[in-house]
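Look for subunit A in each of the two complexes below; its partner is subunit B in the first and subunit C in the second.
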Partner chain A sequence: MATEQGGSSSTEYIVHHLTHLKVGEGFWALHLDTLIVSTLLGAVFLWIFYSAARKATSGVPGKFQAFVELVVEFVDNQVSEVFHGNRGFVAPLALTIFVWVFLMNFMDLLPLDYPALIASAAGAHYFRAVPTADVNTTFAMSITVFVLIIFYSIRAKGLGGFGHELFTAPFGSHFLLWIPNFFLNLVELLSKPISLAMRLFGNMYAGELVFMLIALLGFTVAGLDLGSGLGFFGQVVMGAAWTIFHILIITLQAFIFMVLTVVYISMAQAHH
Partner chain B sequence: MEFNATLIGQAIVFLILIWFTVKFIWPPLTRAIEERQKKIAEGLSAADRGRQELEEAKSRADAIIREARERASQIIEQAQHRANDMIEQAKSAAAAEGQRLVAAAQQQIELEASQARENLRRDVAQLAVRTAAKLLEREIDERAHADLINKLAAQI
Partner chain C sequence: MEAIASVQAFTALGLGIIIGLGAIGACLGIGIMGSKFLESAARQPELTPMLTGRMFLLAGLIDAAFLIGVAIAMFFAFANPLLASLQ
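This part shows the complex of A and B:
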């Protein structure tokens, strides 16, 4: 895979693959690769599920509808186990997270250099194909979830109740305990979006990096000697093994993100 | 790790995806699933009901057949009875008729016999009268001697 990169050294190769296609500077810079891929995958998600939803029949479903319904029912069952109440918003939220994150993670399974190759044919020098290996994506999602947690907390307990809980739980309502209570609650609240985002980002970033390291083994192929043979063997066999293992990881990470989101929202509704 | 405006863009994309899913994808799919679940439940209960009704109908049909069989055997028995009765009646009627015929024939015979005897007696009386007249060479007035003749005839 890596041989297309020609004479570039290992460091250059990795740095090249870890650089975003970026426009602008400072905070207002945009990662075009992340935005394009994630938007495209979001459109794919909407297109697949909407075309099934539009033609959904309560009679005998076709294979396509059955597949979509399988996913929908799987998500709905997961949500109904954790979240009690009207699932009209939370369940489709969970479906969106699960499928979108899965599709974005799936980009990790594409041969490492191909997206970059296609992008360079379109004139872009850098291209990172896995949007979930970009902190901006994972934090954008987890911060949205965080806002929803706050919203559901306030809706369930009222603004006063939520504020009261911030200062009086878990130790008690003595005024000396307000500060430690608030500090603990702040940590607990903030840890949710941060852990949610960092877990997904870390997994996908590390996975991507391992793919790069495996691809580097191909750099050692120089001729018909033992070292080249080992390198080629390593790239093919380990690459295949890691890809197969990664199928589990990308699904699991999408699932974890979905379930934790639902758990956090359902916790937000519960009283301490 | 570098935070920039991509975060805002991704959040907007995420919100659009959520909105679209909540609004246009989730409701029709769950509606279809729930309707199908309801249909299947109804179908199953209808099948159960049908099975129950079939069993009931079967037992009803069995009862009807049993009753019909009983009725049929009753009717056959009655018919047999009546046939026997009719045969008996016919037999006794025939016997009575026979006896009557025999009696009538006997009566006739007796009647004829007595008539024959009467005739014979008269003939014999006349014969006797005629014989006597011949013997006496004298005409016996039949009318004058009717009493005598009759007395004679009765004596024979």
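This part shows the complex of A and C:
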């Protein structure tokens, strides 16, 4: 914690907050903070929805049940607009992505230093609380979606049909066009997981950094003079404004990740 | 010292260009989409709820590239990896 060290510069504060708690070196460096927080939030999501489903009544629902039903129906409506066919797997997948990404993004709205304070009480020097501001999380999710895209393509068209489409899809089946076709399809396929992951990561990383910059405004508060008064005022006002704007962003990004996943899977099923 | 200063100067210029051009693009995109959304909502008010959802989806898509640019710019502003090779 920069605040504990005292007298460290603003750059050190930000670099400190951008350092992961990790074990291992190089390729096998595991970001423990990301793993712990995301697993915890996944468990929270499952527990909330499981307990709502177990206590569900067909009579007048309580507020808790009504809320969970609202979320489930919202996601199911979105999926049914885009995805035609059996939703038995895709709708729960979309619900999981939406709620899990939302919860992970939500860690951005916690006061910046508090998760790190709790972690440092537990003995960890570095701690980043937002799993989706770690490129590993977003790529793990988008590569999973990529595997599902390939799986659904092959299931809908067969291995031969999928291969045939890779080489003949945009331009035609003349053998001279196989290489350009394949190249275009490759770019199209690979751009999906990369853009999905980078979009979520970029938004959350930028949001986290802006929160740090706002926190730095209050970092300069030293006494009761005009400058530190302005710093404190600026931190409160800008922090509130950015937090309110960020509520929109985190929900939107979770929604976009979900909708694009469903769109990609339904595109994979469609024949050219 | 001079080398560090010039790296910092060029980085600062780069940050301005990244954020500025990104903001121009994102604002134009949001503006065009918003005006089209209002036009179509005025033309067919019964479609407004459906269009609102799609508009927010696209707003997120348009914003994303800009925000990725901002994230990269902020990263370069506070932890410049290009300076590390000089020190």
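In the analysis below, the second predicted complex is superposed on the first by the 267 of 272 C-alpha atoms of A that agree within 3 Å, B and C clash if a C-alpha of one lies under 4 Å from a C-alpha of the other, contacts with A are read in each partner's own complex, and residues count from 1 in each chain.
Throughout what follows, a contact is a pair of C-beta atoms (placed from the backbone, for glycine too) under 8 Å apart; a residue touches a chain by one contact, two chains touch by 3 or more.
What you see is a predicted model; the values in this text were computed from it and never measured.
Contacts of A:Pro111 after superposition on the shared chain: neither subunit B nor subunit C is touched. When the shared chain is aligned, subunit C comes close enough to touch A:Gly202, but subunit B does not. Of the two partner chains, subunit B is the only one touched by A:Gly26; subunit C is not.
In the superposed model, A:Leu18 lies in contact with subunit C only, and not with subunit B. Which of subunit B and subunit C touches more residues of subunit A is settled by the count: it is B.
Looking at the shared chain after the overlay, A:Leu95 reaches subunit B, while subunit C stays out of its contact range. Contacts of A:Leu252 after superposition on the shared chain: subunit C is touched, whereas subunit B is not. Annotation: subunit A has no residue touching subunit B in one complex and subunit C in the other.
Those residues of subunit B lying in contact with subunit A across their complex are 1-11, 13-18, 20-22, 24-33, 35-36, 39. Interface residues of subunit C, counted against subunit A in their complex, comprise 53, 56-57, 59-61, 63-64, 67-72, 74-75, 78-79. Across the complex, subunit C is touched by residues 10-11, 14-15, 18, 78, 198-199, 201-203, 205-207, 209-210, 213, 249, 252-253, 255-256, 259 of subunit A.
Within the complex formed with subunit B, the subunit A residues making contact are 20, 24, 26-31, 34-35, 38-39, 42, 45-46, 49-50, 52-54, 56-59, 61, 65, 68-69, 72-73, 76, 88-89, 91-93, 95-96, 100, 131, 134-137, 139-141, 143-144.
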